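For reference, the structure is listed below as structure tokens.
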Amino acid sequence: MNKLVYLVPLFPLAGFLINGLLRKSLSKGIIGFIGSAAILASFVVSLVLFFQVKGSGAAIPVEPLFTFINADTFKIDFAFQVDQLSSLFLLIITGVGFLIHVYSAAYMHEEPEQHVGRYFAYLNLFVFSMLLLVMGANYVIMFIGWEGVGLCSYLLIGYWFKNNDYNYAAKKAFIMNRIGDLGFLLAVFWLLSKLGTVSFNEVFPQVSRLTPTDITGITVLLFVGAMGKSAQIPLYTWLPDAMAGPTPVSALIHAATMVTAGIYMVARSNALYSLSEVAQHLVAIVGIATALLSATIAIKQNDIKKVLAYSTVSQLGYMFLGLGVGAYTGAVFHVMTHAFFKALLFLGAGSVIHAMHHEQDIRNMGGLKKHLPATHWTFLLACIAISGIPPFSGFFSKDEILAAAYAHSPVYWVLGVIGAAMTAFYMFRLYATTFLGQFRGTHEQEHHLHESPKAMTIPLIILAVLSVIGGMVGVPEVLGGHHELHAFLAPVLTTETHHEISHSTEYALMGISVAVAAVAIFIAVSKYSKKPELGEPAGFGKVLADKWYIDELYNNIIVKPLGALAGVLKNVVEKSGIDGAVNGVGRFVKYSARQLRLLQSGQVGGYILFMVLSIVVLFLLFWNQAMITQFLNKIF
Amino acid sequence: MTLLAFDWLYLVEKLVLIAVIISASLLIAMYATYFERKVAAWMQDRIGPDRAGPFGILQPLADGGKLFFKEEIIPNAANKWLFILGPCMAMLTAMMTSAVIPWGSKIDLGGREIALQIADVNIGMLYIFGVVSFGVYGIMIGGWSSNNKFSLMAALRGASQVISYELAMGLSLIALLMLTGSLSLKTIVEQQMSHGNLWNIAYQPLGFFIFFVCALAECNRAPFDLPEAESELNMGYHQEYSSMKLGFYLFAEYINMFISSAIMATLFFGGYDVPFLDESTLNPNIAALIGIAALLAKTFFFIFVFMWIRWTLPRFRYDQLMDIGWKKLIPLALVNMVITAVVVLLRQG
Amino acid sequence: MQSLTNRAKPVDRRPMNFMERMYLPAVLKGMSITFSHMFKKAPTVRYPDETRPFSPVFRGLHVLNRDEEGRERCTACGLCAVACPAEAITMEAAERKQGEENLYREEKYAAKYEINMLRCIFCGLCEEACPKDAIYLSETFAPSNFARKGFIYGKKDLLIPDPKTEAADLAKAKGTN
Amino acid sequence: MGTTQILFWFLTALALLGAIMVLVSKNPVHSVLWLIVVFFAISGHYILLNAQFLAIVNLIVYAGAIMVLFLFVIMLMNLNAETEPQKSIWMKFFGVATGGLLLSFFISFIVSSIDLKNKTAQLKEGDVGLIKNLGKVLFSDYVIPFEIASILFLSAMVGAVVIGKKD
Amino acid sequence: MPIQYYIALASALFCIGVVGVLTRRNAIIVFMCIELMLNAVNLLLVAFSKMHYAKAAAAGAVTTAGTEGQLFVFFIMVVAAAEVSVGLAIIVMMYRNVHSVDVNFLNRLKN
């Protein structure tokens, strides 16, 4: 049965090949159908695999496809591994991915045909890479998928490549990711040099062989990779810019799947992380810092997608907080619920943008409630879910992280609750500004307002349902649940910290966070539904709106010095030093070649003469009876 | 090699045999010319040569005498050595094939058994191929050394024709080899003689047909006599030749015809086997003589068929010739080979 | 157009079918035809050994006749030359001298008498024109020759042998011996 | 000196003579014919070594097919002794000197080598070269190389046709 | 026959081939000399294949020792045939293009 595993990445790959190669001859409808069908097929197989894993409670044994690298001291198989963690991710990726594909088919309907083919090809390739990432049985395969999703992200952000800004955003995302990838790669090398293997099954049982320094180094470097991919401080600035891509792409790649790769990787390496206090603290601190920083920025953003992007960064920060405090299940749980509601939010935003004819500024919206009922309701549900109002899914996952944070250190918890409050605030600011109040757009836009087609609303509704009930798999014991997800993931996340906090404390924590969120929601709705801020922000608000000037900071402290250094290198070192050396070598070679060229008469006879002469010379040089005897003995 | 043994009597006996066979070949070739003219005459409702001797029986001698006494011409611009070498090669290759043909079973001379075969080598058929492939040289050297465009063209035509048809010939024989499992002509004949075995023609009719057509082409006989096409290339590759050198070429053709007829008789028609006759009951010498007679009878029949075809069919065009060789006979031979292989395989297992 | 003999066959230009392209049936047919011809009687006449009988009116080479005493009959009157449609005959007359009576029957005789056999059409008009029964067309062919000159027959070639002095030759020429 | 020895030396001399004549013949056709003589001599050697199959295959393939091709090409190009390009005398001298040097090395190596002492190539006996034994090995152990060789032939044929095509 | 004789003969033929390649300019002759060298190698292989016979026979072992050597010769012939067909086609092509078979004429590699 384990052959099924190969099918999972095969379908998207096939979809990519078909769409990519035949994009000029297929019609839009067929392209969309192929793209979606590939993912659906993959989803069905994933479902089967999931239930197999769930039924057996163990990872599915998978034969390695082939040996990828076979060096003297180590051997790396091109192998897949489907255990609880990866099967869960498979479901998220293919399930959400399928919905987004369906949505895309409608969303991209106005694009020219060959570009649609390109789009779906990229999208399928992305899903393929993502599957590779989560199914890889070792860090190298994971890294292949890791790079693959980075590439697809780059391609899709720059999908409208005629716009230079978008290309710039794509480049930025790619380069930021590369910085993180370097960390990842170094960590893999480190691991390989110490343990001689990168396979999960062989690494984790052997962690005791590593010194604390090694573990810290490896985990920190891995986390650097995660920082890049999951947009954590300081490598987070690419994600908001990545909103340049089509909205479904943002939903799939930059909300639901790719950015959670870092979470997946850290969760997968939990055996390593739990051995390093330093790394755990680092993860937690970076996580919470990112969560707060981006939440503050999100409050003052006016671009509907930017708000969601910063929200994503913030939520990712939460997940890392969870990872940092040892609540791996919580983090993974949050990944799942976040995938549902954030994808929903993005798709809803896409629906709004679609209805508004590519208008993204929320200041020009308002009162869309009556025009886009389905979008409105699903969006509202998602907002509630992300704000952590019970019994919506976000509540359970976020609360689990917060509880774990509290158990670790109350400071984390306080900061987390502040972040949660801000989350609720900016989400409902967004909601209120967009859907409530009066329509503020142009008359023409109002005239064309329409609900999105079924292909777009149905995924919204499905995701809404999931956002609402998705938390039920992880109802904690304190609320009378069994936390099935916890039980399910337990074999993989072996080093999960079991925080022991009393039920009463937990009730209190929940109560406080819900209350704070509710208050924030109330303030936001009451403040923005009637009188949204329309002008340019001033004072501290401007600082927030301008994202703490982080981009400018980066520009000044990193890009400019680097540019200056590069200038020096280019103008001084290269011109006089390297060029001089290279040209000198070239000139020398050229000169000597001009002399040696005389030997080359072009006459074959001459060449053969030299050949034979050299044979004679070789005979002379190696005229050695003993050696010849040996040689002859070997022959006869 | 058996030739190197120090049995002098053996050597003498072989030499005698060689001499007999060569002179017999020459004689038969000579009378084949006579016979050719006679057959032509009969088929054209004529009488043919009848002046020299009774029924013109001395005609070949007269022709030979004429050739001998004609003026020997070597063109000025010709390459003298090669000009002489050409006909010699033609004659040589024509004669060499006869070495492996079993002309009869053994004869008993005063207690000494003499095999009526010059060399029973176990690569007999390959030997024939080898010699046949040299047949080209006579034509090419002669044609080229004449320093005459027509000769050269005819020589090239002849060479490509011979090479082309050699392939189909070889392929047709491979099918036969699959059946016999031996390259030795003696073994092949004995297999056909043994009880329960029919002549190979019964198993390989298609192979025989291909071999026969190829033999026609290899001997440059009509309808494949392109190299000596009078109407197109004057006299062909031996245009510049006269006297006995021309005679050699003409002779070589008839010897080739005789030898290939003998080979056909040997390979496909039981060689010196006489049907419905049990040779073992007879005196071995008488049996051998009967065998020789049988082989010669078969051979003469084929010679007759050669002539019959020559005086019936018009000459092929050159493109038709190549077309038949490469596009018809070779595929046909391959098909024959495959079918034979399948049948042999099925019968084995 | 209707052909005169009604034996013309229209050429069949249809592409050959498979059997025809195999050639073998046609080859076998041709070979059977040639084979059957081997047993047909050859119509050859072995000419020098046997000749076909001539018809009585056959007109062959000319001869100049002599009378029973061996004298030439021709008197060089020239009627034959006049009658000849191909102008193949020329002659020169001469007067008979004393003592030549046993050679020439008339007082005038042909000193030179030539017939160009390449011109002659063997019509026999000369024979009819001759008043002296001097010229006759015999039953023999004109033999081949290497030069044109050889076909110009003079008196030497034309005169029959003298029945008196060369009786044996005459008999041989007549084939009556 | 037995017949075998006589034959050996005769064939050796013939081969060397032929090879040298290949070199020194001005006329390419003569070179071809001398090369055929060499092939005959080598085939004779094969027969002496009782490698009958190779002997006859050598004749069929080399003398019967390859050299015919050579003759063909030479005749088609109408290359005569007059048009034969000649190398400079220095080049010839160096060529011969180098070849001679190489040969002298070979010979000195053969003469001085102890390992080659008392090693003989069996003449006349041994049925290694019989077609039966060769065929058995060829069609069992070497069947894949054999098939590959046939593919090589096919591709060479196609290649020759493609190269030789006038276009 | 001592094996040295065969080695010497083969080396001599080989060296003659080398000299031919070096001294002749006619591409066809050069090609023929290469064939000569191949044949020298063939002869050597056959001689070697018969070298083991005595030892094997003395040991009462199989008499097919050395078959491979002859098979290699067979394969060399096969390859030579293929090589000649292509090589001659190339020479014909060359003659057609430059009207010469002089190898020195083809010195485009120069400069």
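Per-chain residue numbering starts at 1, and chain names A, B, C, D and E are given in the order in which the chains are listed.
Quick note on the criterion: a contact is a pair of C-beta atoms (placed from the backbone, for glycine too) under 8 Å apart; a residue touches a chain by one contact, two chains touch by 3 or more.
As the structure is a computational prediction, the values presented were derived from the model and not from experiment.
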| item | value |
| --- | --- |
| Steps needed, at minimum, to go from chain A to chain B via contacts | 2 |
| Steps needed, at minimum, to go from chain B to chain E via contacts | 2 |
| Farthest-lying chain, centroid of Cα atoms versus that of chain E | C |
| Top chain pair, ranked by number of contacting C-beta pairs | D-E |
| Chain of greatest Cα-centre distance to chain B | A |
| Euclidean distance of C-alpha centroids - chain A vs chain E, Å | 64 |
| Centroid distance [mean C-alpha coordinates] between chain E and chain D, Å | 6 |
| Rounded Å distance, chain B centre to chain C centre (Cα mean) | 50 |
| Gap in Å, rounded to a whole number, between the CA centres of chain D and chain A | 69 |
| Of all residues in chain E, the ones touching two or more other chains | 18, 22-23, 25, 51, 104 |
| For chain B, residues contacting two or more additional chains | none |
| Chain-chain contacts as defined at top | A-D, A-E, B-C, B-D, D-E |
| Chain A residues within the chain D interface of the complex | 605-606, 609, 612-613, 615-616, 619, 625, 628-629, 632-633, 636 |
| Residues of chain B defined as touching chain C within the complex | 39, 41-47, 50, 308-309, 311-313 |
| Complex interface listing, chain D residues touching chain E | 4-5, 8, 12, 15-16, 19-20, 22-23, 28, 31-32, 35, 38-39, 42, 45-46, 48-51, 53-54, 57-58, 61-62, 65-66, 69-70, 73-74, 76-77, 79, 84-87, 91-92, 94-96, 98-100, 102-103, 106-107, 110-111, 116, 119-123, 125-129, 133-134, 137-138, 142, 145, 149, 152-153, 155-157, 159-161, 163-164, 166 |
| For the chain D and chain A complex, residues of the former touching the latter | 87, 91, 94-95, 98-99, 101-102, 105, 109, 112-116, 119 |
| Interfacial residue positions of chain A with respect to chain E in the complex | 597, 600-605, 608-609, 612, 636 |
